[in-house]
Amino acid sequence: MASISVLHWHRFLGLAAAMTLAFAGAAGAQPSSGTPASGPAAMAPAMPGAAPIDRAKILSATGVFGDFSVYKLRGEYAMLPAADRKAAAAEVLAVIDRHKDKVTVDAYLTRGFDANSDYFLRVHAYDLAAAQGFLTDFRATRFGAYSEVTENLVGVTKGLNYISKDKAPALNTALFATTYTDPAPRYAIMIPVKKSAEWWNMPEQERMKAIVGHTETSLKYLVNVKRKLYHATGLSDADFITYFEVNDLEAFNNLSIALMEIPENKYQPRWGSPIVLGTIQTVESVVNTLSMTDRGM
Amino acid sequence: MASISVLHWHRFLGLAAAMTLAFAGAAGAQPSSGTPASGPAAMAPAMPGAAPIDRAKILSATGVFGDFSVYKLRGEYAMLPAADRKAAAAEVLAVIDRHKDKVTVDAYLTRGFDANSDYFLRVHAYDLAAAQGFLTDFRATRFGAYSEVTENLVGVTKGLNYISKDKAPALNTALFATTYTDPAPRYAIMIPVKKSAEWWNMPEQERMKAIVGHTETSLKYLVNVKRKLYHATGLSDADFITYFEVNDLEAFNNLSIALMEIPENKYQPRWGSPIVLGTIQTVESVVNTLSMTDRGM
Amino acid sequence: MASISVLHWHRFLGLAAAMTLAFAGAAGAQPSSGTPASGPAAMAPAMPGAAPIDRAKILSATGVFGDFSVYKLRGEYAMLPAADRKAAAAEVLAVIDRHKDKVTVDAYLTRGFDANSDYFLRVHAYDLAAAQGFLTDFRATRFGAYSEVTENLVGVTKGLNYISKDKAPALNTALFATTYTDPAPRYAIMIPVKKSAEWWNMPEQERMKAIVGHTETSLKYLVNVKRKLYHATGLSDADFITYFEVNDLEAFNNLSIALMEIPENKYQPRWGSPIVLGTIQTVESVVNTLSMTDRGM
Amino acid sequence: MASISVLHWHRFLGLAAAMTLAFAGAAGAQPSSGTPASGPAAMAPAMPGAAPIDRAKILSATGVFGDFSVYKLRGEYAMLPAADRKAAAAEVLAVIDRHKDKVTVDAYLTRGFDANSDYFLRVHAYDLAAAQGFLTDFRATRFGAYSEVTENLVGVTKGLNYISKDKAPALNTALFATTYTDPAPRYAIMIPVKKSAEWWNMPEQERMKAIVGHTETSLKYLVNVKRKLYHATGLSDADFITYFEVNDLEAFNNLSIALMEIPENKYQPRWGSPIVLGTIQTVESVVNTLSMTDRGM
Amino acid sequence: MASISVLHWHRFLGLAAAMTLAFAGAAGAQPSSGTPASGPAAMAPAMPGAAPIDRAKILSATGVFGDFSVYKLRGEYAMLPAADRKAAAAEVLAVIDRHKDKVTVDAYLTRGFDANSDYFLRVHAYDLAAAQGFLTDFRATRFGAYSEVTENLVGVTKGLNYISKDKAPALNTALFATTYTDPAPRYAIMIPVKKSAEWWNMPEQERMKAIVGHTETSLKYLVNVKRKLYHATGLSDADFITYFEVNDLEAFNNLSIALMEIPENKYQPRWGSPIVLGTIQTVESVVNTLSMTDRGM
């Protein structure tokens, strides 16, 4: 939105980085979250040496918050001295490390695929305030300060509503029997979905029927597509955040078309807008690629 | 939208702060509202030592204006010298203190949850011009001057239209008998709602029936959700501003889904857009968190 | 959109102000309108000492153009030296004075009520080009140069189409018999309206019936609400600009709801978007409030 | 979008102006179009002393491209030294002169009438690439470089589809018999139109009937309104660009309402958005008015 | 969005250019893609002296990704010293050369035709990550760093779904028998298309019938229009990216109207938005034209 004098930013960010490191070394300090102890959203201080969240567990648990934040890097970032840009990844990694007992962070490079973003982050946390604590600290880094948020959706994981062991035992079995067999996914796609009032007002049996159709249609693509669902009604302007990982994008295109061809599609005023497609990368790789620095140098 | 030279801002804001303090000490001075005594919207001068508004009373009264303003902080704010950013909270608190006999102010941190905002304010006033007076002075502070308004909705509180003692005595009793029992709310959600022409043109009895359904559906969630309603037709581009406080976000997601599943949902061309979710914080905490300063230092 | 160096602006605007004053003193000079004498939109030069437009007359005449321009002040304005900001109101008033024989200007403060504006102007002129001449000169002032136009609608006043003495004599009589009795209005609301193709294609008798309903519904609120109508089809992206003045905002909310409840509402794809609510102020007061200066100092 | 240092712009533009003049004096040079001779869009070099396009002929011919580009001037333009702004019109006129054998250029001042523009240009060319050549060079001038394009539509003129001598001889005769009798038009209005799939899928006879209705309705306004039609389907996001010139804006409002009241209106998902209203001026006058300079000085 | 100090950009970009050249000369170095060797999106290093992709083959193969990125040049670009702007094309060409074994790049000048762009690129790659690799490096050039992405769509080529040899042999034969006979195309048009849920839920035979109608309608225009189709469902917010090359724009307008007149048009909630029309040029020509430099100097 507005210009930033390189010189001043440089000084500020140098200072901020110093502060961040200083704070990181001080037990209990909360540099950028700054919530007062008496405040209603007070968060536990970061524990030095705290054990990281169990990634496998948080990725499969229900009641977990998924916070998808999509960013476009400001043009001025490229103006920072190369030394600063080279230090950006380390600074971000330090923030992630500081929050590793409360959140997990996945990163995706979207530049070249999407007009409104350069990368996006997927943060998981048992407590949504912890995701906010991390993202607030992330925005205080060099790299985060030059990142403009263009989309941000929050959802929560839940058990299966329709294709459960009780309601649809055979399909439930088939669902869990079909596993991804393609090479490791190189791409992720995030698609927000909103269902119409007509959908939500349908008798549950009709919705059940529609979801059975959806699942049967999807089944054969599960060898090519990993997926994860977040419920967002009332938390963000979407009902669901659907997240996919694939290696074979043409298979994903075919799955998407198959899902367009079933009646459920008639009840989706929002499917995408935006569809955010990115390559799956380490945080370090995303920051370095957009910082135009080579870690090997 | 545009750049601000740090140096000049620094000087200007130092000056403004000095002016604000000077004005604050002068009985009857109106530094930034500047309304001429003869003007049609002339507001009473701030009384030094005036008693603050009774918060419990204004929160429960009808005929009270609620002014929701949503802000995104400009990137340049981070460029200000750390000393200035550290002083930001005190400056905002001084403005609030100066207006404490005319408005109450609640603050929420939204960074990390919403692409279009970093925080929002909820201002209550018996006279809407007093809310404008406060917000105009707030925008003249260091922190306010770097805040861009991304949404602003104005509504007024009224008595119950449908579930009143007269019209629906049993439900009215149930409504007031069900009270919040969860831990203190840590999150607030603001959802603007617009009803369609079809809704407004329905016979009152049909709308009554719909609202009864709405209330019965909501009833069981009132142990998890506090709520407050503002009427906005003709004042802003919405018919209602619905405001919620919760500790259990999954319960709020479940309530939201339940409200999607009733016929009323068919008559709501706007529900959200935006949904603004934030953590409930003190003004001081919001300003300090976004200023990346630690009051404890 | 873009940054402005304070120093350069200061110099430029100092110069511009000097030019404006110089021009103002030179009979027939047209500093910023600059229309060539031979051009098709050539406007009469401002007459020094020319008589101002008769306000009561232009406000009640038909065939008068109403030009509503809505502005957001750029952040950089606050950077100008206080002396310049203090001089802003006088500079704007001088421009208004120079055009006082061709236009009338009303001003409204919207900051704190609307995300997309800080103030708006309502200009009346018998010749629309004269409104353009004024607004072009206004934009050349210090204050105008820092104002971004966020909405601009042009309409023309006409006689009553439906509730005329001929077509609906009783209602016409009632309409003119009901007069505003509240304290002087402190608030104004501008609401653009667009009617659907279905509305415009209804037989005139049906539209007549709808407008009779509209008028009957409105009648009882006329003690609380002043209103004025401008026709905009083909001149701006709206069919009507509706303008209201009130002291009692809750009464206005009730009137607005009453108008939602009549069939006419089904034929209005645009009603608001934006609704612009402001406090009625003098131009001087609006400029000073947003300039954070106190004329009394 | 972004800031421009006055000093650097000044130097750059001084240089650019020098280059432009230098190029203008060199036969065959194409400073900013720069199309390689071998490229598919190679354009004939500007001939020094080439005869200008016959304006009457190009305005009445079919197969002619109309390129409507709408601009908002960046705030920084006002920062340029007055001497530069004074030179702006001459520089633009030089570019027009250089392209006068390939395009005609009309200019309109919209400031004060439209939130998204200050002026617009209408360029006619037999070869659309020639319009691009001119507009590219225009954007390389001082004035053009500070102009942001907010709308740009391209269309082509064709013979009458429906009200032709063959298909509707009487109406065709009436159409050409009715001529503009008002004083010279001072205003122009550009209205993009998009027809719905339902319109395009109607049997041709029904569309014929609708257009006959349209023409009969319009006929009586042709004494007040000049009009011109461009076909845009597939070239821009509209089906038609309708262009009008009037002196009597109230008559144009009445014509517009009359066109709302015929069935054709039901098939127009886009009519306006934006409606762009401007005063008809010379290019020199538009540039000077927005440059706040007085040629007479 | 934000300002860039010319001096700093100049230094940075000089450095970046040096780095790019340095990297280009180092086998295996990946300056801006920076993907870790172990990452899921690891891309093969650019081979010095690697053979370029076979253009004819990749343009006719299925399973090929088409990446359309649309750009608007930031105003500050014009501020760079002329020497830098003159060097821009060579720098871009060097990046293209470095990726020539993995992608093909086509360029189009849109300035003067479209409000939201100055040029667009069409990149083809067998591996979509390779397109990202190129575009990331392109954005690191002088010219790319000043380019803002305003639209970006990704699609994949597939065999004919409906008008195949098996399903519609006669029409398939006619389709391949009709070839472009106009002079070499000078214009390209990119039109995104989204089909409605109603379309996708139609029985395949009905869709077949619609596509037969589409093809029969198009057939006679194939002498004037070259076309290519990309499937985008699930990859971008469109179902198809349709791409056309023509010399005769009026013929393209006629084809577009013919396609509006068939029932398929009723099932296309998106057709364009934006339509992007450009002149077909070499990359060098696009960069030079927008850099206002003349290679001949």
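Letters A, B, C, D and E mark the chains in the order given here, with residues in each chain numbered from 1 onward.
Definition applied: a contact is a pair of C-beta atoms (placed from the backbone, for glycine too) under 8 Å apart; a residue touches a chain by one contact, two chains touch by 3 or more.
Here the structure is a predicted model, which is why all the values come from computation and not from measurement.
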*chain B and chain A are one sequence twice: same or different residues at the contact, by the over-half rule?*
different
_Using only Cα atoms, superpose chain B on chain C and state the rotation angle in degrees, rounded to the nearest 5._
70
*asked:* How many angstrom lie between the centres of chain C and chain E, each centre taken as the mean Cα position?
replied: 46
_On a C-alpha centroid basis, what's the spacing between chain A and chain B, in Å?_
28
*Which positions in chain E touch two or more other chains at once?*
1-5, 74-75, 148
_Residues of chain B touching chain C in the complex_ = 1-5, 8-9, 12, 15-16, 19, 23, 29-36, 39-41, 63, 65, 67, 69-70, 74, 128-129, 131-132, 134-136, 139-140, 145-146, 148-152, 154, 156, 158, 195, 197-198, 200-201, 231-237, 239
_Quick check on the complex: what are the chain B residues that touch chain A?_
1-6, 74-76, 78-79, 82, 109, 111-115, 148, 184-187, 189, 191, 249-250, 252-253, 255-257, 260-263, 265-266, 268, 272-275, 277, 279-282, 284-285, 288-296
